[in-house]
Structures are given as structure tokens and as C-alpha cells.
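Quick one: the structure is below, questions incoming.
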Amino acid sequence: MTDDTTSEFASDITRRLEAIMMILDEPHSLVSLAAAVGAPVPAVRQAIESLVADYDGMTGGPKRGFELREVGGGWRLYVREEFDDLVSDFVGTQAPSRLSQAALETLAVIAYKQPVTRGQVAAIRAVNVDSVVRTLLSRGLITEVFTDPDTGAIHYGTTDALLVNLGINSLDELPHISPLLDDGADGFAGESIR
Amino acid sequence: MTDDTTSEFASDITRRLEAIMMILDEPHSLVSLAAAVGAPVPAVRQAIESLVADYDGMTGGPKRGFELREVGGGWRLYVREEFDDLVSDFVGTQAPSRLSQAALETLAVIAYKQPVTRGQVAAIRAVNVDSVVRTLLSRGLITEVFTDPDTGAIHYGTTDALLVNLGINSLDELPHISPLLDDGADGFAGESIR
Amino acid sequence: MAPSPEPSSATEAALDSSAGADGGFRVTLDVFDGPFDLLLTLITKRELDITEVSLSEVTNEFIAHVRALGPEHDLDESSQFLVVAATLLDMKVAGLLPQGELVDAESVALLEARDLLFARLLQYRAFKEVSAWFGRSLVREDTRHARTVRLDAKYRDAVPELVWTLSPQDFAALAMLAFAPKEIPHVGLDHLHAPLVSIREQAAVVVTMLRSSGSLNFRELIAGVDQPGIVVARFLSVLELYRHAALSFEQVEPLGELTLRWTAERWSDENLATLGADYDR
């Protein structure tokens, strides 16, 4: 901190961010937040970092009952995990129906192989996946990315909502699976698998 | 009870209160909050007072971008007044003045099928409609009609604002749509479609 | 092909040990004893030669396992087995073929085919394993609470006024569009297949022929048939009829003449209606 003005400016951004966070109902990216508070992205990134530490009780204050989380490519306020049961009891939320094993496997294949057609997914899972794909679409976990102009085959990919539902920030945070999967649906050719 | 235990207990109530406050949509009374956090009313009153002072920057920390205020006999988190213009500007840039195609189609489904749940609309449109329903709600074009006591599913219907926009006096004036569609995949019972 | 009518000793052994420690399918073979999953792991790591594994024994054990669990058992496990069994069979075919030096293109292609099969098996397992992570993460996030509160009226006023251009007729047209059933577009493959042959129809032919002559060999049963599909359907219907104890067969030596004999005590055409229901999908 070079002087008082700098730190006052930083603190001002932080307070503005807190105000905006109050009304967000989905994660917003750094760029979008920077536009909202009228500050450059690096300053906003710094302000977010300071808020995260602040709410986590790392800066001398208490550990708050809420936290700032980065999910699905953006930032958003959440109830801190240890109070989830308390809040669930209060609001009386019902657990949404869980996905079947078939749906989970299909979702995994689409997540790692996107953009991918239903036919390619079916080939990997060795079963028809039409109804499972429909379920995933209506849950907003996957979406149609594009349609091949020649074959008319729809290519599917995952949505930001999936990232939010998984509690991760980008596809890079998916667990690493065997490198043999990296070379795509059509090519194990020649490669000897060890 | 030693002083240490007392203050730890008080701090615990405070964190629980913060967690509940994060998800409150409207002001809640002391009694209701006491029930939510499982603590006696006087302890909750004290915790609220300490939070108000805390957020106002009276306890050594910064003055937050939000504040805890008593309105109409209840407590809730609000954006601190000095950031109202910032938030209004942000909201103004977020909402486009026209509804998207997805929003219009969802609105049409709700208009002809009401009362209808989000899940039913999602099944008809074969996509997730959560964020679109939020937009329509915030635009005042649809409203929550009732909640199914068994399933907890919220049923939506259209508002007078939609009628005004369409220039009609009642839903009966909506053009009939082809009965051919009645036997659609989702089984519209009989002639429930106007 | 000579299926033995009485249960093999391997089947009985599997009945005893069909429930593994985790309740999953367990196999007992000469070269291996343990959960099915481990068998796959060992094979994919090539610590167990696929040519050593008798697929028919594994299959017998699995059928016994499924029978012991009863009809309400998890279809998932059964279908999973089919995927894996098909892969094992493929691997076994590749494994049984002679492996020479890498001299000709054919051998190279063979090795590639074998690796492709290993890769497919590994790939399927990788996705199956990672799907557990998806399940756990989705459940964990389901319990989290993000802040979502209705916008206060004073901020709602800042929202630009809605521009509405639709007439009631436009709106109705939009509704029609939205209600139109959304079939996921499908590229038909029917034109790529030969005409379908019904096992039931062919079974009816087989029943008629056998009942009128009492005993026939398979060669006679397919005399004059020139479509491979019909030959296959007749053979499958023979297997199905055998399952219904409607006929018996004899084969003195492997690949030798197959003699079929009609043995049904009670047979009605109603039996035909459900015959081969397994092939309906």
C-alpha cells in the first residue's frame, strides 16, 4: 500500500462489490463485476480476494456465516457450508430427484468429450442414450452446441449451470481421467495402450 | 457460565443469524429468527444489535456495502443506501428491454397451460426454464398462483400485465390453438388447451 | 456348439459365492477368484491373459448370480455385464488369433484391433468411475444455498420498460410453436439394414416342420433357404424352443451334424407369442 488514497480507493471498490453481491442471483464474472462497480478488472480481482479472506476470518474479523464462492465462471454469495443444515431446516427445501447412474455416466461422457453427438455417446456407453439426453437437457445441464451441416447430427456440450451444480468454476476442474481419453472419439488408432 | 463460554455462545448465534439472513427474502421478526437459529429471543436481539454495529463499521471492521435493518417489525439485509444508485444502474444494464425468444415461448406455454409448474414447462420446451421463469417473474408477466402442499411444486400463471400488453381483457380472448396439438407427447388432458 | 442341459459345477460354485463382499458379482475360475471388477482390472493391466479366461464359465456364473438375486434386481448391473462380456469376447477373439512378428499389415491391424478393444474397455471404465464423482458433487452442491432474493421494488423500477410487439395472434402462433412435440431429431438407419426377420415367424416354421417329421437335422431345417438372416433366425428359434423344453438336440462331435427332436408334451401356439421376447429390443 503506497498511500492512503490507494487503499481508500481499494476499500471503496470492495464496498461497492458487497452492495452488488447482495442482489446477484447468478454467478457474475470478474469482467461483469468490473463493469458493475466501475473499476478495472485487476482492482476488482484484488477486492474479491480481500473479501473472500475477510469473510473467511483471515483478516482479523470473525469467520462469517456466509462466504464468497467462485462457481460456474463467476462469483456469488453462499451460505457457509457448515450452516447448510440449519438453513435447509429453516426453508424446508426438498431434495430434488437424483440423476440415475445411466444419466451420470452419459453426463460424464459429454463433459469430457464435448462437443459430442448422441451417437458417439451411445457408442461409448453401448446403449441408447436418447431419453437420458432429454433428461439432461431439461435439467439444463447440457445444451445443443451446434448441428453438423452435412450430417444434421446435433453436438452436445455442458452448460455453466452444470459447473454451478458441480460446485466448480471451469471444466479444467473436472477430475483428470486417463490420458488415453484425450485423443478424441475417433482415434485410438495405432496407439498402444499401457 | 464463564465469560468466555458466554461470548462464544453469542458469537455462534451471530454466525447462524448471518447464514439465515443470506437467504431471507423479506423481513423476519425476532421470534421467527429465534426459532430459526434455535436460541432465546434476548440472545438473538443481542446478536442482531452486534451485527448491526458490525456492518456499520462500529466494531473495528469496515462499514459494509450492506446493512441489517428493521423494517415493518422484522429484520433483513439491505443494500446500504449510499449504493442504491450503483445497484439501480447495474440492474438497468442487466435487463434488456425486449424478451428473448426463449422467454416469449415459455410465457406462451404458461399462458395456455396455467397453472403450470416449472418442471412441466421444461418438459414441454425440452430445455431448462429456471432463469427464464425468473425473468418473467421479475417482469411481472407471471406470478406464483399456488404451491402444491404435497410436492411443494410452485404453480405459475399469467398476470393482468400480460393481458394489458396483449391488449385483451381476459384469457378467454386468447386465440384458440389447434386441437391437433392436444395429443402431444406430454399428454395434455382432454381439451385443457384453450 | 453343445450347450449342456444340466448345470455345470462352476454354476453351483458361483451360487455359493455369488455375493461378493460388496454384494457385487463374484467369479470363481481356475485362474482367478474374486470380484468381477477386479477381473477386469487385471485383464486390462494384462496380468491375466484373456485367453485363460473362459467366457462361458463367467457367463454361466453371471446367469446364476442374476437368478439368485431374483427378477427385481438392478437392471444396471445386468446390462453392464453385457457391455463387458461383449468386450471380453472381442478381446478373446483377438487374443486367440495367432500373434506373429510384426511383419505384415494384417498382424499390425490385428494388434491395433486388440488395443482398440482394450482402449474401449478402459474408456468405459474411466467414465463409469468418474460418474461417481459427478454423483457426489451434484449431491453436495444440492445442499448448498446461494443467495437468491427478489429484487427490491426500488431497483425493479430501474429496469427499462418492456418493449412488447406481439399481437394475440402472434402470441398464439408462438404457443403452437412451443407446444409442437420436440422429437430429438434422429437420423434413420433403417435403410442400412437388411429386411427384418422375425424369430417368431421362423419358430413357427421350425415347429411345423419338426412336429410333422418328429426328427430333423439342422441342415434339413434350413434346406432351400438362401437368406443368412433366416438361417440365423431359425437357429435362434431352435435355441429358444430348447429353452422352452420343446425340443432336444444331439451333436455327436463338435461342428458335426445337429439332430433335432420334437419333445414337447404340451405345446400351444400361445407359446409362440412370447417366444424370443428377449430379442424384441
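Annotations
Letters A, B and C mark the chains in the order given here, with residues in each chain numbered from 1 onward.
Everything that follows uses one rule, which is that contacts are C-beta pairs under 8 Å (C-beta built on N, C-alpha and C of every residue); 3 or more make two chains touch, one makes a residue touch a chain.
None of the values given here were measured: they were computed from a predicted structure.
For subunit A, the chain with the farthest CA centroid is C. Central chain by Cα centroid: A, whose mean Cα position is closest to the mean of all protein Cα atoms. Subunit B and subunit C, compared by their mean Cα positions, are separated by 47 Å.
Centroids built from CA atoms put subunit B at 22 Å from subunit A.
Each chain gets a centre from the mean of its Cα atoms; for subunit A and subunit C, those two points are 35 Å apart.
Among all residues of subunit A, those that touch two or more other chains are 21-23, 25, 66, 77-79, 87, 91, 134. In subunit C, the residues touching two or more other chains are 145, 147-149, 151-152, 155, 184. Residues 11, 14-23, 25-26, 35-37, 60-66, 77-80, 83, 86-87, 90-92, 94, 134, 137-141, 143, 161 of subunit A are the ones touching subunit B in the complex. Taken in their complex, subunit B has these residues touching subunit C: 22-25, 78-79, 84, 87-89, 91-92, 95-99, 104-106, 108-109, 111-112, 124-126, 138-139, 165-168, 173-178, 181, 184-185, 188, 193. By the touch criterion given at the top, residues 145, 147-152, 154-169, 171-172, 174-182, 184 of subunit C touch subunit B in their complex. By the touch criterion stated above, subunit C contacts subunit A in their complex at residues 76, 79, 82-83, 86, 111-112, 115-116, 118-120, 122-124, 126-135, 137-149, 151-152, 155, 184-187.
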